[in-house]
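First the structure, in the form of structure tokens, and then the observations on it.
So that you can tell them apart, the chains are marked A, B, C and D in the order they are listed, and the count of residues begins at 1 in each.
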Amino acid sequence: MLPPADSLAVLRAAVLAFRDARDWRQFHNLKNLIVSLNLEAAELLELTQWQRDEEVEALPADPVRREALADECADVLLYLLLIAEQAKIDLLAAAQAKLVKNAAKYPVDKARGSRAKYVDLS
Amino acid sequence: MLPPADSLAVLRAAVLAFRDARDWRQFHNLKNLIVSLNLEAAELLELTQWQRDEEVEALPADPVRREALADECADVLLYLLLIAEQAKIDLLAAAQAKLVKNAAKYPVDKARGSRAKYVDLS
Amino acid sequence: MLPPADSLAVLRAAVLAFRDARDWRQFHNLKNLIVSLNLEAAELLELTQWQRDEEVEALPADPVRREALADECADVLLYLLLIAEQAKIDLLAAAQAKLVKNAAKYPVDKARGSRAKYVDLS
Amino acid sequence: MLPPADSLAVLRAAVLAFRDARDWRQFHNLKNLIVSLNLEAAELLELTQWQRDEEVEALPADPVRREALADECADVLLYLLLIAEQAKIDLLAAAQAKLVKNAAKYPVDKARGSRAKYVDLS
């Protein structure tokens, strides 16, 4: 039986097939993939350039800009999957584990309503 | 019936619960979340600093550095989920749609074995 | 006679002497220098994390945070000098030339009071 | 008497005149300028995308790519000047001061030939 069509595993298989159909594995060393993820993150940031906080907040209400936002988020996720595959990282397990670490760094009673960095929490 | 424990939807629920337990929604405007995703991408990049391509390639073989890599990938994914939630973007659907767009920009017969940008493909 | 103590040429000589005293030229390939400049830019960005526009605007009024800002700006400039030296670029001449190009892309009569990207100016 | 035509002060005056002729000061809050500097740093990084270390090293030998490199370095410097002006930072003095701090963090006898981060130097 196949996993549900909306799972991350299905997407992962699709992006690997995309890469291999184009014979791009040869360019995908880990450093280049991490550089590329940073470039996609910057394209996401570019959607906010010269805009005040409130204008960025209103961005998803505009269908054209919302699609641009979705596209850039998508590119970040696709590179994340390629990096995880190369480094043999289980992305979902890593994120669950990191959330547990973050919870220890930011205990609810100390971090509640505060944006201090964990080293500055008291 | 619950979705499988390894699904992105479960992780999404967990990160939202983490945020709300700390009352952090108030700091999470879209611009700040996008800035934070960029900072996490930079932390991922920092793991490659001063290293040659081959050294980065060997990074996952070292358990300590591999965990650092997994942690930074995790942080990027967690912010991606927070951004998607705020902007009402279905991340998996967006990534599937983007892969279709990328396939049109990089047709297999032209892009095979080439790392040219799509505007330069001929 | 020495050039004036405040010139960019003096700073450039100082950063090269700093590098060579530590025998760091061997790690400074161009790709690594560009990655490092990006990491310093991210540290500058980190000073704005979780803050609203107005809070960032008020940042220089706080001496501690203003020094942090000055430090990160300094690191970006130091890497810029190292990159320029490696690539044999005259930084000041390059910036003067780029300002001329930017003036052509953004003619005063069209760009005045507008934050549209040059491709969208009409 | 004018400062020498190649000084940073001349460039600073030129970029402020450029900004003011277009009435762009209104968009230049500090957060936006820092975001923009990060975007220019990413454009510099993009020139290295999908290339191995040696290929990036050879980049300045190609006049077209070298000009692209010079242009992106220039844009980073121009934003640095705008940020410094807004935050009332003397860029050259800040960089001289940071070099002194870096020298204390990386003493020659410990840092010589090592690329360890200062917290890991022993």
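Assume a contact is a pair of C-beta atoms (placed from the backbone, for glycine too) under 8 Å apart; a residue touches a chain by one contact, two chains touch by 3 or more.
The model shown is predicted, which means the values in this text are computed figures rather than measured ones.
Engineer: So which chains are sitting against subunit A and subunit B at once?
Structural biologist: Touches both subunit A and subunit B: C, D.
Engineer: For subunit B and subunit D, let me know how many angstrom lie between their CA-based centres, rounded off.
Structural biologist: For subunit B versus subunit D, the centre distance works out to 27 Å.
Engineer: What whole-Å value do you get for the distance between subunit C and subunit D if each is reduced to the mean of its CA atoms?
Structural biologist: Distance between chain centres, rounded to whole Å: 2 Å.
Engineer: Going by the touch rule set out above, which residues of subunit C reach two or more other chains?
Structural biologist: Counting only residues that touch two or more other chains, subunit C contributes 27, 29, 32, 35, 38, 42, 45, 48, 50-53, 115.
Engineer: Among line, ring, star, complete and other, which best matches the way these chains touch?
Structural biologist: Topology of the interface graph: complete, with all chain pairs in contact.
Engineer: Taking the touch rule as given, give the residues of subunit B at its contact with subunit D in the complex, in rising order.
Structural biologist: The touching residues are 35, 38, 50, 52-53, 115.
Engineer: Within the complex, which stretch of subunit A touches subunit B?
Structural biologist: 6-8, 11, 14-15, 18, 21-24, 26-27, 29-32, 34-35, 37-38, 41-42, 44-45, 47-48, 51, 53, 56-57, 59-60, 66, 69-71, 73-78, 80, 83-84, 86-89, 91-99, 101-103, 106, 108, 111-115
Engineer: For the complex, which residues does subunit C have touching subunit B?
Structural biologist: Subunit C reaches subunit B through residues 27, 29, 32, 35-36, 38-39, 42, 45-46, 48-52.
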